[in-house]
Amino acid sequence: MFHNSAKILVAGAIAALIASSPVTAQQKLKIGFITTFSGPVGVIGKHMKDSVELALDHLGRKVGGLETEMIYGDDQFKPDVGLQVAEEMMKKDQVDLVSGIIWSNVMMAVVPAVTATGRIMLGTNAGPSPLAGSQCNALFVSTSWSNDQSPEAMGKFMQDQNINDVYVLAPNYQAGKDMVAGFKRYYKGRIVEEIYTKLGQQDYQAEITQLRAKNPKAIFAFYPGGMGVQFVKQYNQAGLRSQIPLYTVFTVDETTLPALKDDAIGQWEARFWSPDLKIPASQKYVADFRKKFGYTPSYYGAQSYDGIMLIDAAVRAVKGNVKDTKGMIAAMRKADFNSIRGKYSYNVNNLPIQNFYLLKGVKGSSGEVEMQIQKTIFENHKDSYFQDCKMKW
Amino acid sequence: MTFGLVFEQLLNGVQFGVMLFLMAAGLTLVFGIMNLVNLAHGSLYMVGAYLAVAATAWTGNFALGAALGLAGALLVGMVVEVVALRTLYERDHLDQVLATFGLILFFNELVAIVWGRAALYTSLPAWLQGHVELFTGSRYPVYRGLVIVVGLLVAVALWYVVTRTRIGMLVRAGASNRTMVAALGVNIRLLYTVVFGFGAALAGLAGLMAGPIYAVQPGMGELILIQVFVVIVIGGIGSIRGALVGALVVGIVDTLGRAFLKPLLGSVISPPAAEAAGPALASMLIYLLMAVVLAVRPEGLFSSRGS
Amino acid sequence: MGSRARVVFWSAAIVLLALLPPVVAALKEPFYLDLMRRVMIFAIAAISLNLILGYGGLVSFGHAAYLGIGGYAVGILAFYGVYSGWLQWPLAMGASALVALAIGAVSIRTSGIYFIMITLAFTQMLYFLGVSLEMFGGDDGMRIKTRSQFSGLVDLSDPVAFYYVVLVLMLASMYLVHRLVNSRFGMVLRAAKSNEARSRAIGFSPYLYRLAAFVIAGALCGLAGALLANHTAYITPDFMHWTRSGEIMFMVILGGIATGAGPLLGAAVLLVVESLLAGWTEHWQAILGPLLILSVIFFRRGLAGVLPGARDG
């Protein structure tokens, strides 16, 4: 809770600072936030934007004590449009920093353009592995994860359970391959078959038939968005829920649960955060989000909420002088704020070192199906690419 | 690769083909009779799915919801025809493609405004949730069996209507010579509206049957639309028979390709190469098939024109 | 009015476009330079499509394929450390021409809706091929770290220089298409569009003429692809997505088919309206959709049809 008195105090401090020092601390902060609003995946953009707005509410609409203007951009799920939106934000709207971005390919296109102008790029979802490793960037900071950390956690869990004979499915694109690679980094048991399906495929009955013929002990799958809704539904309709357990990453979450409901009961997921995480900052975020928007937030939103809070902490640390990007980055790397995931730290590549949990779809106390944390798989987990990052801090 | 497995995959292919057929039948009729390229046919499929889901939630009854969804798709189709498409019949394909693309954008946003962008929840009544054992170890979902039965019934009914009734005669006549039909004093405007609405209802039927299997979300129509175009082009535009054959061929080829192409390739070339090429080739297979068919028969398998 | 209006229109257009960089610099709005560069790149793609669609009557619904091939040619060469634009751009055009030859040889045998669909099918195949090119980023696409280099002659990382390169190439493309359609070759192409049987009767087989036009259009669009890859510094299979083909087609129709300035006007209006609407509401497609329909119903000759002098190139 950010009390009024505290706001006045901060405002007073800022005013005193401006009056007493010749430092040209600016009056207004402009933050660009890129996500996807149009098309079927626009639901993710909605989760992210609503969370940013909630963060601004919690900060009294002042990030780091500065009058704040948010400029939202729609990348339409296309890298070149994302880049155009970023250029527009920087050149036309003169934003101080750029944040957001759901997709790895959009991120890979936007990061070089933003950081080349000396601005900070604060990623709140996409975590392509090059940015964590060989192409790490001093001006790129993330509040999310490296793409394959969640499958690593799932691989670790399944390995620890001694689950053998796993059938692996993912869409045939880079993220799909990355997820399976992450899974295999920790899962060393037997893999019956690895299947890559067409991106955006609707019907998985053919694959499910093949799968059952091989009689595996478990399934590991990665099907984000609508693909996940379809796969999980069809898996249930084929009567497999009671036969072969389904372990997934980025497949069942609060953006797809409303479409799946009871079909998600018994579903296993791995993630760094879930709405039921027992952390005060998280509980406040979830409760206020539900109250304001009438639905349950997802990790996409949680990371974006954290992103604004991290900017807030950094702007405070440089006393409103947002042109001091070095100071801002140094402050961000301390992660000195009440994160929804609890206390965490930053690795050399500016990616969080954080916990990963095992989640299960269960009927909650309200009668709605929800993903609940079962156990901690990794504590303070580092991504697998930071050794390739040559940055020194 | 046992016989049972191949049989089950064939069944999957037929089921997918039947869905494609319901879409293709309406599209090919509209094409053949009105000479209208309707990219927005997928939007009618989406509208059918959304209306059925909404009506099911409202009435609490699956069958009633489906019936209302079907009626809704019919109505929306006729309204679209009267408001937007009627003026386009005399235009070239180019204008039609542009205007109906505009309709796609409009409908996708409209459902997003009304129902939000997240996928909607759909469920099946208990009597459709089970599965049947075709042979030991197999479990075929009852609902998919129902889809096949409904699709084939529609095919038979369509065959009857088109070949044995007066309206079917007009439809056939309209497909081969529009001017002549109009000259014979048939109310061609009304015929067009009815046929378009009928096509929309078929697309809506496909959409509402897809609801419980697929994700009901904005843009769901475009995921199937391109495949439907492949179907009618392979089958020959304007031909219901062609639509049925094309749909089954595309459904089976796509399904078998996904299931067996990789292992087959693996036995010919090295497994790692098959690993890389298999999925890519499987997703290109139906387009390859279409290119081959058109290279050999530029008007498709059963063109209604000129034969 | 005829030729005088034409001279006035084209002089005004060229002067305005040439003066844009100093104007945006004075207004401190460099973003509009980027937007206009993007518009002109898509205009080149639209100009190339206009050659076959507008003058040749070949409704290709797969023109984005060459945008992708041109882009990938630049990207793949850069991936292997070949940055020379002298090599990259001709190769982008050559590869696009070759693919257009293969696609055209099969497709031009069909007509009408079959032609629309077969060109779409080929582009879908190329799209899935791009998705499966794991080495070059697959579906994620690939960043191009170094833009094309021209022996120090022009520096494409300088936005103003790059803008003028695109402007010159766009004007050159317009001129090329203008000369082509008014040549003997163009006459045959246009005659075959209006009446195929008659042009056969007087002894021209349209097939080879159409194929040649198809290949030229492919090469030109490949150049647009090379420019687009340099513009975004990024390539993705999305360049070849079927909706991209649709967009280029709409630029041509919106601007006015078989007109000289149509492709540029169409590209400008579509991209600018899209950008304005997207900034205004997230439901911009609900507005753009009906706008497209209305423009088809009431705006039959396209934008060039209402501007004096813009109809002929």
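We call the chains A, B and C, going by the order they appear; numbering starts again at 1 in every chain.
In the analysis below, contacts are C-beta pairs under 8 Å (C-beta built on N, C-alpha and C of every residue); 3 or more make two chains touch, one makes a residue touch a chain.
Because the structure is a prediction, the values reported are computed rather than measured.
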Would you mind checking the shortest number of contact hops between chain A and chain B?
-> 1
More C-beta pairs touching across which pair, B-C or A-C?
-> B-C
Distance from chain C to chain A - Cα centre to Cα centre, in angstrom | 37
Would you kindly tell me how far, in whole Å, the mean C-alpha position of chain C lies from that of chain B?
-> 32
Which chain A residues touch at least two other chains?
-> 42, 172, 198
For chain C, residues that touch 2 or more chains besides their own | 128, 131-132, 134, 284-285
Chain B residues counted as touching two or more neighbouring chains = 108, 112, 279-280, 283
Could you please specify the touching residues of chain B with respect to chain A in the complex?
-> 2, 5, 8-9, 12-13, 15-16, 108, 112, 116-124, 129-131, 137-139, 141, 143-144, 210, 212-220, 223-224, 255-256, 258-259, 275, 279-280, 282-283
Note which residues of chain C are touching chain A in the complex, please.
-> 29-32, 34-35, 38, 128, 131-132, 134, 137-141, 143, 145, 228, 231-234, 236, 238-239, 275, 278, 282, 284-285
Hey, which residues of chain A end up touching chain C in the complex?
-> 37-38, 42, 45, 74, 76, 78-80, 83-84, 87-88, 91-92, 104-105, 108-109, 112-113, 128, 172-175, 177, 198-199
Residues of chain A touching chain B in the complex = 39-43, 46, 172, 194, 196-198, 200, 202-203, 205-207, 209-210, 212-213, 226-227, 229-230, 233-234, 237-239, 255-256, 258-262
For chain B, which residues count as touching chain C in their complex?
-> 31, 37, 84, 87-88, 91, 93-95, 97-99, 101-110, 112-113, 226, 229-230, 233, 237, 276-277, 279-280, 283-284, 287-288, 290-291, 294-295, 298-300
